[in-house]
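By letter and in written order, the chains are A, B and C; residue numbering begins at 1 in each of them.
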Amino acid sequence: MTLFLSYLINGISLGSIYAIIALGYTMVYGIARMLNFAHGDVIMVGAYICFCATQYLGLPAVVGVLVAMVACTALGVTIERLAYRPLRQAASLAVLITAIGMSYLLQNLALLIWGPNPKSFASVVSIGSISLFDGALLISGETIVTVLANIVIMVALTQFTGRTKMGKAMRAVSEDRGAAELMGINVNHTIALTFAIGSALAAIAGALLCSSYPTLQPTTGSMPGIKAFTAAVFGGIGSIPGAMIGGVLLGVIEILGRAYVSTELGDAFVFAVLIVVLLVKPTGLLGKKVSEKV
Amino acid sequence: MTQQRRSTTKMVPFPSHSIVPERDVDKLPVLEARHLGIEFGGLKAVEDFNLTIGKTEIAGLIGPNGAGKTTVFNLLTKVYQPTSGTIMINGKDTAGMNTVQANKLGVARTFQNIRLFGNMSVEDNVRIGLHNQVPYGMFSGIFRLPRYWKQEKKQHERALELLSIFGMQDMASAKAGSLPYGAQRRLEIVRALATNPSLLLLDEPAAGMNPHETEELMDSIIAIRDQFQIAVMLIEHDMKLVMGICEGICVLNYGRVIAKGTAEEIQKNPTVIEAYLGRRKEDAQ
Amino acid sequence: MKLKRSTVNNLIAYGIVIVAFVICQSMISAGAMSRSLRGQLVPICVYIVMAVSLNLTVGISGELSLGHAGFMSVGAFSGIVAATWMESAFAMENDVVRLLLAMVVGGVFAGIAGVIIGVPVLRLRGDYLAIVTLAFGEIIRNVLNCVYISVDAGRVYFAFNSPQLPGKLVINGPAGATGVSRISTFVIGFVLILFTLFVVLNLINSRSGRAIMACRDSRIAAESVGINITKYRMMAFVTSAVLAGMAGALYGLNYSTVTAAKFDFNTSILVLVFVVLGGIGNIWGSIIAATLLTVLPELLRGFSDYRMLVYAVVLILVMLVTNSPMMRAFFARVLPHKRGEEGKGGEAA
């Protein structure tokens, strides 16, 4: 029973990271209608920068995360400006291929800068673990911080999109880009802001991911990135609470699948979830239906 | 709204309270829609739509913007499934059918916002229309069996023949997407005709055409009807075209039929005038 | 006589392949080809077939498939098992026949996988379709990592997640296929390319091919003229899978050891790079891109570190140049005589 509980807690912890990454996907997809394939690699860049800041510059962990957030925000906005904005009117196939190219570009740049050898990432979390049931169940400090961060981010973002002017502009653009433009909303700025927020969150996710799974290499971000996209689809693309629910559920499914069915097939479970969700309920748990006008 | 008439068809009552051209009265109507309706999340886009179209009738569907005209086309072509009512095409109920089956039953259409296969040649667009008319399998195609050569030749000849209706046979190898607007509209009609329909639905065929082109289009529509002996139903805002060639006209407003009849009857109908022009203040009180 | 543009393009495709084959063969017989380049000949053939078949899905059918390597792996593993089984069951000595039959088996199994995957995948469109093909590619790789197959006295044994099988293990879970007899040859590779071109080009220039392209250009219009879009999208997807499976069998039987990890997402992307660079929908472009991008890194030592980086930049630039209105206008000014051709890839998309 405690074993099951510890799997469950690991799942929730992993799922919370997926949820934070998924927010980047879901907001960008909701507003720019594009699958930002490079998002997963922004996470990797964030983790590397945090690593460099703490390891080489000797900055405290919190400052390291902040530096990574600033750098990733700049990176995300630059990517959007240079690669995605010129293709705003292009076919989705072209945009997706560009995003895949961007993902490869980031991975290979990281490979050149930091080399292929994995770096051992020192956890950014300094609080200790909690021991329950006389030490039979151990909740690590990373898990606590990850879950808390997830909740804080979720509440903050919901408030931001619901209450602030910029947040409302984002919702308007995702609803109807043309109409939003007519209402005087600067669509380009809104999309850039979305990328900025998503990328800053990616930096946090990168630091948290590598605190729990401390091997850092150029491909670190790609698999969690794809899984987080699955989480975003699972929860309903464009929905912030959906990303949270989808992420946590997916993390739990992955960890339990690995523990009780087969370690080899862990990723296969996650992708099977994606396929089933898209076929049974393509709008996800909390998404809404969009249909083509004839 | 009086216009010069090109047709002097006499309209007679049809058993189901509908009218069809006198020449079609003994024949099975091509379309019978009864109590047709569709709701989108509580909004009744079309409600209690009844219409009968004779075998060789040219019918018009008019109404203000947003009245539900294109929705009716989408219902007839089974792009949407009606939430109530029945559609009979050539006497067959289309319940549960999809767009492909409706086309095989004889409904072909054009689109308000042109939907050509823009990267392909004009001839290939028509050949795609001939898809089910001059068929052969994938295997014959890949291994170039005799059937391939025979059917390809037939498709080529038939495509040029159809294009010649609008004198477009010389453009056969041009890219469809590069044609001028009017020619694209005409090509859509040819493509629809290639499917050998018994009911041709034209969604704003004259949109974007100049008066001269519209005149030619009117003649072509009548010629198509005469040559192929099919029914044509068109949505159009150009009243000159509608009043000039449509025999039976149906007026929609807010998803409901507000008037049906001949061009003369429609032009005099006070409800129609009100729908189009609005009610005068003193009448309203 | 004026030839149709499609006919000219087809002749170019066949021409390139035949001329390249003749040059390579004469270089080999003259001893003018380096060992390392000779070793690349079969992989080049494999990648050409992969690129042409992916172009059928991406360029002609208009669906972005990110799991093409998955079909390749199914073809490779089933082809290896088939070749080993034929040797064991019939003591078949003729390597050419064995290879050809193994390729057929690989194609059939990849085709079956294509049908199984195509049914759910083709209900989706656009980005979702792409991500699900990626998911399936990864699932295939995960599952193949758990598969154990052995051949003993002409019988094939199969187990999931357990290597306890009688006879000689052909597929050994995560260790992949080991001790494969290397029977692939450049000549057969050349024949496979010709076969692929024959199938793909003839398909495109037929009624079925036009229907496939109609579904790509406008789904709604295609349905309105009575084209069953599911059928034709499936036709393109499965044909593409079959060809990838045949290429996979050729690839698998070219090495003594093959693991499922070889057919990961990166391989799918590599093939996609060939397709995009050669021009989406342009078959002979795929052939040239696949050849150059396989040979160049071998020739330019030191370039290999930057290889994927350069591919990534090229991928982005090609998309920007062919799809961004600003860049298009710029190129139209710089290259006035090349009007319209620039946007080929983009338009096909």
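Everything that follows uses one rule, which is that contacts are C-beta pairs under 8 Å (C-beta built on N, C-alpha and C of every residue); 3 or more make two chains touch, one makes a residue touch a chain.
The structure presented is a predicted model; accordingly, all values stated were derived computationally and were not measured.
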item	value
Chain pair whose interface holds the most contacting C-beta pairs	A-C
Furthest chain, CA centroid comparison against chain B	A
CA centroid of chain B to CA centroid of chain C, Å	44
Chain A and chain B: spacing of chain centres that average the CA atoms, whole Å	49
Centroid spacing, where centroids are CA-atom means, of chain A and chain C in whole angstrom	32
Touching two or more other chains - residue numbers and ranges from chain B	79, 111
Chain A: positions in contact with at least two other chains	294
Residue list for chain C, restricted to those that touch at least two other chains	220
In the complex, chain C residues that touch chain B	4, 198-199, 202-203, 206-211, 213-214, 217-218, 220-228, 235, 347-348
Interfacial residue positions of chain A with respect to chain C in the complex	29, 34-35, 83, 86-87, 89-98, 100-105, 107-109, 111-112, 222, 226, 229-230, 233, 262, 264-265, 267-268, 271-272, 274-275, 278-279, 282, 292, 294
Footprint of chain C on chain B - complex, ascending	77, 79, 98-100, 103-104, 108-109, 111, 115-120, 124, 127-129, 131-132, 134-138, 140-144, 148, 151-152, 155, 173, 191-192, 194-195
Residues of chain C defined as touching chain A within the complex	58, 62, 64, 66, 120, 123-124, 126-128, 130-132, 134-136, 138-139, 142-143, 145-146, 161, 174, 220, 265, 269, 272, 276, 280, 305-306, 308-309, 311-316, 319-320, 322-327, 346, 349
